[in-house]
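Have a look at the structure below before the remarks.
Naming follows writing order (A, B and C), and every chain is counted from residue 1.
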């Protein structure tokens, strides 16, 4: 039984098809990177996987049960989502925000239990946000806020984590920290991580499996080594890359027209 | 985690607030155009029909009115909280979804049609105002649902459209009505506190309190929803269900408030923000404290309305605006740093 | 048990308790018609009611009047119980009345109801037309034991009215416009008591029947009305001469209507015309003087 099974999933609006007969599987303890150009349907796929959107045809099953057959409450025990940055209007504090993930488990009086508080603190520690637990969301930098939302997702204690570009606003150190954290979750807690990302190189360093979506509803999935190749990248993104191999790991450097390396490239006819 | 809200903290805060409310209500009931003495009032409690005017004024004129102000203030403040949270719009007030024009239209129809029957002792104006408000909210809800995915925007737009249409209808009917009827409607629409029978206060107050309790029950869900419907859904909240219950309760208690005292503005807008600024945005606290503070605010405003230009009376809505604006500005300046709204 | 069920249960108990304590329906109030006793402390909530009470000889017993009452002069010393538009229920109770007389207009209906529920005796009279005035005088007289005085007052008023009407009996009815507001222009319509006063004075309203009692009219209608006499009330201001000059200036714009051509624009002290009371004959005379000043030279 696979944790997530997507079978011939199709979705689109009357004007266009976004996903066409997409199929893939993911087990727990796996890290899937979802890549593709803008508009290819990455966020849409996440929304379908979290149950927010309904597929036109095809099916999504979580633990062999169709996603439509889960109630909201049941689904929240299986899947947690970190969406792209949302700017809060009202001043909830960090700890309050993270505690909200436990709302489904609150006692009858409408308050969190002791164990919910402990889970929340654990999540804050894991994302290095415990220090400003009592600050309001509006007072944090985008990067800090991002980590708080990740902490919130962790506090849901689900087996599956869906993340939509969680490192888009983070500086290098925090980017790496998040990737390390997610990897830790995968390895230590056996979670399934599905992450939409634009950074192919970091993705290939951390993810085991990759799903690449094309703007023409084409797709391809497999191990990161299989999927992330110069040809695939050029086909999907329309960008030429040069592959470097460092300690048996593949890295891809995009060749922009005016990139320095490309200038040197041009002047050296042997490359 | 000293800042965290716990059950104990909430109970204490609400208790203090309620005690403050009761004291203020008692204090205000001794303020009015006629001076009445405390001892005479107490003396009159046992004598039923006597010429103890102090007692009569206290019991039959002041007390019912103050209790009414408390009920209406609580209802408006609470529903203000709900609409601000659900519509994710800090400028939302209880009337935003057309309740005001719906109630107004109901009133005009009642006045023009000349119905004279009463329902449970309420005048036809009150009944029609309530029905008008409820029908309008239902209509706006329906239209909003038809806009599909972006529920909140759809609701707001539907509210705007319905408001505009009904307002036009009101103006049309007003222009062809006889002048006395028009006066009655406009006077009512300006918001006014009047003395009601205790039975009416009992039932009205009971329903409003039940509504507030219901809103308290769904406060954790409201907290989650204020981050966005999708986010709330992924956290296991039944978003549609919560929204429906919240809207229904908020609309109903606003309808009751409006049928009691016409359209009183600012309470539903200012009190929630004030409580939020001082105590934070957690709905569990916000709902309960807003309703108590709403009561206090309206009781104070009504008392001022009664005495400031004695022997005439100002419409309560005027006082709420004059009082509310500056108080809110002061609080805004003082506390906004603590809250850290986006963009600051 | 589910917390919603608890809530519902509590609401039901609360409602049941409510029915238990208060009973169903509203207790009736007391309108005083059935009681026949001497009233010693009477509160009036309208100036014309005050005038009627004084005219019936009950002036001593009046203990509360509305603010801005001017006639009769004795009212200056009486306790004020709020304005005519906004009677103050506390002041009314504070005057310790045993009878409160109110008009049947919207804004007084509520306070009347309220007072009855508390247990006070309240008499409501409707004074919208001249006929109502006579009924009201009779009603008040009956209730307060002043039937004889009431009859006397009525015959006095009717006698004076007959006399004024007879003065203009054989003359052609002049068309009159009674202006209640200038911007926008509003006049007294056919359904008003002002209209009745105009007719009693021997005139005729220049405009036809309208939906509203005091309709706003446009210049077209003014021109089409062919009005002979225009009367404007002073609305409490004292400088009648100054007001007349201003009025003439305003109406100069309508130089082709008979009223302006013949210089028949008048400003009168409307104290006796703006409300129906025992001084009705004086009001009718004020209007009649504008129509045929000559007849009053005796």
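General remarks:
Note that in this section a residue touches a chain if its C-beta (ideal position, glycine included) is under 8 Å from a C-beta of that chain, and two chains touch if they have at least 3 such contacts.
Computed from a predicted model, the values in this text were never measured in an experiment.
Chain-to-chain contact here is organised linearly: an open path runs through the chains from one end to the other. Of all chains, A has its CA centroid at the greatest distance from the CA centroid of chain C. Closest chain to the protein centre (all Cα atoms averaged), using per-chain Cα means: B. Between chain B and chain C the centroid-to-centroid distance comes to 37 Å (mean Cα coordinates, whole Å).
Inter-chain spacing, taken between the CA centroids of chain A and chain C, is 78 Å. Computed from the mean C-alpha positions, the centre of chain A lies at a distance of 44 Å from the centre of chain B. In chain A, no residue reaches two or more other chains under the touch definition.
Taken residue by residue, chain C touches two or more other chains at 3, whereas all remaining positions touch fewer. Each of the following residues of chain B touches two or more other chains: 217. Here chain A touches chain B in the complex through residues 47, 50-52, 72-73, 75-77, 79-81, 83, 86-93, 95-97, 100-101, 103-104, 106, 109-111, 117, 133-139, 156, going by the rule given at the top.
On the chain B side of its complex with chain A, the touching residues are 1-7, 88, 90, 216-217, 219-221, 223-224, 226-228, 230-231, 233-239, 276, 280-282, 284, 338-342, 344.
Interface residues of chain C, counted against chain B in their complex, comprise 3-4, 7, 10-11, 14-15, 18, 21-23, 25-26, 67, 80-83, 85-86, 88-91, 93-94, 96, 105-107, 110, 114, 117-119, 211-214. By the touch rule above, chain B contacts chain C in their complex via residues 32-34, 49, 51, 53, 56-57, 60-62, 118, 121, 176-181, 183-184, 187, 194-195, 197-199, 202-203, 206-207, 210, 213-214, 217, 310-313.
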